Amino acid sequence: MKDKFKILVAGGDMRQLYCAVKLSSEYDTYVTGFSEDVIPEKMNVKKHDDKNNILYDSVVLPVPPLDEKGMITAPFSENGLKPEKIKRLLKDDAVIFAGKSDRKLEKAFEGFEITDYMEREELSLKNAIPTAEGAVAIAINEIPVTLNGLRVLIVGLGRIGTALAEILKGFGADITASVRNAKGTAKARIIGIKSVCTDKMDTDFPLVFNTVPEMIFDRDLLQKFGSETLFIDLASKPGGIDFESASELGKKVVWALGIPGKTAPITSGEFIAETIINILSESGDDR
Amino acid sequence: MKDKFKILVAGGDMRQLYCAVKLSSEYDTYVTGFSEDVIPEKMNVKKHDDKNNILYDSVVLPVPPLDEKGMITAPFSENGLKPEKIKRLLKDDAVIFAGKSDRKLEKAFEGFEITDYMEREELSLKNAIPTAEGAVAIAINEIPVTLNGLRVLIVGLGRIGTALAEILKGFGADITASVRNAKGTAKARIIGIKSVCTDKMDTDFPLVFNTVPEMIFDRDLLQKFGSETLFIDLASKPGGIDFESASELGKKVVWALGIPGKTAPITSGEFIAETIINILSESGDDR
Amino acid sequence: MKDKFKILVAGGDMRQLYCAVKLSSEYDTYVTGFSEDVIPEKMNVKKHDDKNNILYDSVVLPVPPLDEKGMITAPFSENGLKPEKIKRLLKDDAVIFAGKSDRKLEKAFEGFEITDYMEREELSLKNAIPTAEGAVAIAINEIPVTLNGLRVLIVGLGRIGTALAEILKGFGADITASVRNAKGTAKARIIGIKSVCTDKMDTDFPLVFNTVPEMIFDRDLLQKFGSETLFIDLASKPGGIDFESASELGKKVVWALGIPGKTAPITSGEFIAETIINILSESGDDR
Amino acid sequence: MKDKFKILVAGGDMRQLYCAVKLSSEYDTYVTGFSEDVIPEKMNVKKHDDKNNILYDSVVLPVPPLDEKGMITAPFSENGLKPEKIKRLLKDDAVIFAGKSDRKLEKAFEGFEITDYMEREELSLKNAIPTAEGAVAIAINEIPVTLNGLRVLIVGLGRIGTALAEILKGFGADITASVRNAKGTAKARIIGIKSVCTDKMDTDFPLVFNTVPEMIFDRDLLQKFGSETLFIDLASKPGGIDFESASELGKKVVWALGIPGKTAPITSGEFIAETIINILSESGDDR
């Protein structure tokens, strides 16, 4: 056991805790940045203790890794978590994992190699599932009609759009995907839904999910939709709906970001862990 | 127009208002028991006015029709709605529609024939849809994992169980129906899910929907489920889960009643209207 | 073992052989009426031999049990199977199982109680599955277009109609069920398909499955369909399509009967066995 | 009309005829290489006639364009179709469309630009639909059990694998996709099926669809499958199953190539036409 790969999960929300639980199945895993009372009693994770003088082979930082003060995002920590402190706990060749890495992080962990697990396609693909599930729950709760028989527009037929389509088919919704070209049309046919070309978009839809991170719903297009239409924007910032115009026009819009961590913290924590395990096992770093 | 069938929707929540809107497409429809501010401006319903001296051919009462004080259930009315007042607005041979009629109501409207629209199978069937949708939204919001890949137990494969199965298939859940006999097993196969006999129920399920209005989950059975299992009871009172034992054992139970009116007031209001239109058209009373 | 319930499977096609294999798991099972070469080498069934002087507790006859000459239906027998011969092999209180029993059979087995396993609802329900699968294969092979995106009409939403709908949803077909009343409409909604009232049937469908054993497609209605429409009649005789008119009008009709035994002899043989096992176990006759 | 883009569909099977019908909606379309009796009376296509002295803007050749004798593939032609003859009917800058172009074709049409429509991703995607439908019909007809509840393995989760999965879900099959990596696993989850890594493939499957054009099922792997397993190979040549070993081991294999043209000639002819229309409209060549 002495030689087992040591990994520290530092900061983050419940999702990171569940990530740590899953990592424990493969590595000698510790957590820091969580106050005692948020860690469920039965949960099987070890808490980092400075007295043990452990130097870690790897650290897993949350999504996003740093808050606006430059501290490690740690909403469940009482005293905050400084990057410098974490740095001191790492071996020289330690692997840094972080979700949505940026320059600030690179500077804070200068000299270390940083791997952004959120950029792994396997994770984006998997996260499409909790994202779509959460988005559908929002729709059920927000609109006063059933999804059954409802005309629903899904803009974009990538991973989230596909996941949404699969779920909405089960509801018996009347689904149309807005796609860019003949390939998109063909994809829609394969999964058994209708499609329309984005630039000839029909607007008679009481429910619209946007998954494309480009300005598609500008003032002009928004105006063509009925006053009852609910827009749920799932595209990463800046999203695909003109915020200001939507407000001014009194459109109903839900900006739904970070759904996986909220709607399914266990599953999405496990997804992060699985991704990290795959990265480490591919690189051989965990041996 | 003089001879058009006149119908009054008296009391109830938003659902009854939407029921009135839908009834307007067929009959000369009026509403009472709603204060001005709850009726959306654009909504196309006429308000009953005593000055008009209309005698109605029919009245539609809500679900349940009377509250514990014997008044017509009218949460959006400022002054309350007395049954006697409504009675005076009716023709002698008027048809009374009510949801979940009982002796109290029969007494209040003595001399009139009462039809309980909630007892119509077409309405129960239709209401299975919003019930299942709402139940699934509860599940997504309450459990910290995705429905995708989740082992889900549906107890009973009647209308609500079937509706749940259809929806959950879209989520990619791993669905088992608990059924009573070989017919139930065959039904499960037709809709493409697994089944187990209720008296040999497996208990390794993090999510259980009960749709059977019989005491199935008694103390003994509840104890066999894991501490993380979420039970959602959709069976009408008294439901199928032993309330006291569940509390004592610390089980997670959601008693989910009256979902259609909450999760999809427009759709379920329209369902009631469609049912009433069908009843009247079958009987010929609306001519 | 001496006391094990002895059952004889007499006559029939491959389906009855597979029925015998399945019955072997519960009872001491023998077959007769199959020439050596049709019984697969590895198949685990015992052949009846007159020398053993066994008296059977039960006999399983095929569907239909007798041919037009009054012999037991036994297409794989070299010499034919006389009812009298089978009768002599039975105990006095033996249970006779037969598919689609009739007066001729009752006379041939006078003095014995006959149970028609084809009348068991669990078997009808299960048989809906191979029937629907076989019908869909016929459709794929017969029509020159894909089911994907195709407007398909399913007449009747009972067990076969439901099984068809479930399968065709996977193909991404554009499904409408023709139903009789508001209950049918509600059922269609629950499984996520469209519906139309049978007496207001739309006729713009290139593919029609009929499952209702009543004359629905008379000359008048047939004429309203296009010349390319393929009708697949799955209703038991006399079926729901006017044979003569269809021929005269040059309509494309496939009368698809007895699909389960043809398309899935193993599965449907097992279904018969399961039904017999359930009947015997309920009655306690097998003890 | 004088200036309308003139296109000639030369040779091929019914699929090319239906392609011509669809092309007629956009262009002045003619066919050659079809004897009178194969062209349905009502079909709306013009036959090429040498007397008209038309020079075509484009020609559409079949899949494959040439037969082993170097003639244009024209099974429905009485006298054969020589490339030289077609060449003489073309304008100097005519566009040549062909399915699965090769050197022989390039030589025969030297000086012309050839576009291989089978290489367009939109067409491959669309063709996945008739391919999957036809493959499923083969499975239903070939195996003696129902797809319902059957353990089915789909090797590869590209367009054909995805199309198969969507269809088989409707049948209630128990589907596992064999995938190469974590991305494949994630894709499988999104569409709601199980997955296994190709190099750790389980072999307990009575039905296997291969969609990967690489030698996966070598002698070793084939031997691990049961004698009853049916393999359906949908991968383009050389396919993914070791032909010789499979024969020697007595494995049941169906090599299913060119399904779209066989199972759905109208749909797949239209797909080719749509692809050609898209190519021409993108390039602007049709103006």
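In this document, chain identifiers A, B, C and D correspond to the written order of the chains, with residue numbering beginning at 1 in each.
Basically, contacts are C-beta pairs under 8 Å (C-beta built on N, C-alpha and C of every residue); 3 or more make two chains touch, one makes a residue touch a chain.
In this text the structure is predicted, and so the values were computed from the model without any measurement.
> Pick out whichever of the two, A-D or A-C, is joined by more C-beta pairs in contact.
A-D
> Where the CA atoms of subunit A average out and where those of subunit D average out, how many Å apart are those spots?
38
> CA centre of subunit C versus CA centre of subunit D: separation in Å?
36
> If you average the CA atoms of subunit A and of subunit C, how many Å lie between those two points?
Taking the average C-alpha coordinate of subunit A and of subunit C, the gap between them is 50 Å.
> Using the touch definition from the top, which residues of subunit B touch two or more other chains?
Expected reply: 129, 148, 166, 169-172, 189-192.
> What's the contact topology between the chains, one of line, ring, star, complete, other?
Its topology is that of a complete graph.
> Quick one: in the complex, what on subunit A touches subunit C?
Spelled out, the residues of subunit A in touch with subunit C are 148-149, 169-172, 189-193.
> Quick one: which bits of subunit B touch subunit C in the complex? Just the residue numbers, please.
121-122, 125-126, 128-129, 159, 162-163, 166, 181-183, 185-187, 189-192, 274-275, 278
> Along subunit A, where are the residues that touch subunit B in the complex?
It comes out as residues 14, 18, 129-130, 133-134, 136-137, 140-141, 143-148, 166-172, 263-267.
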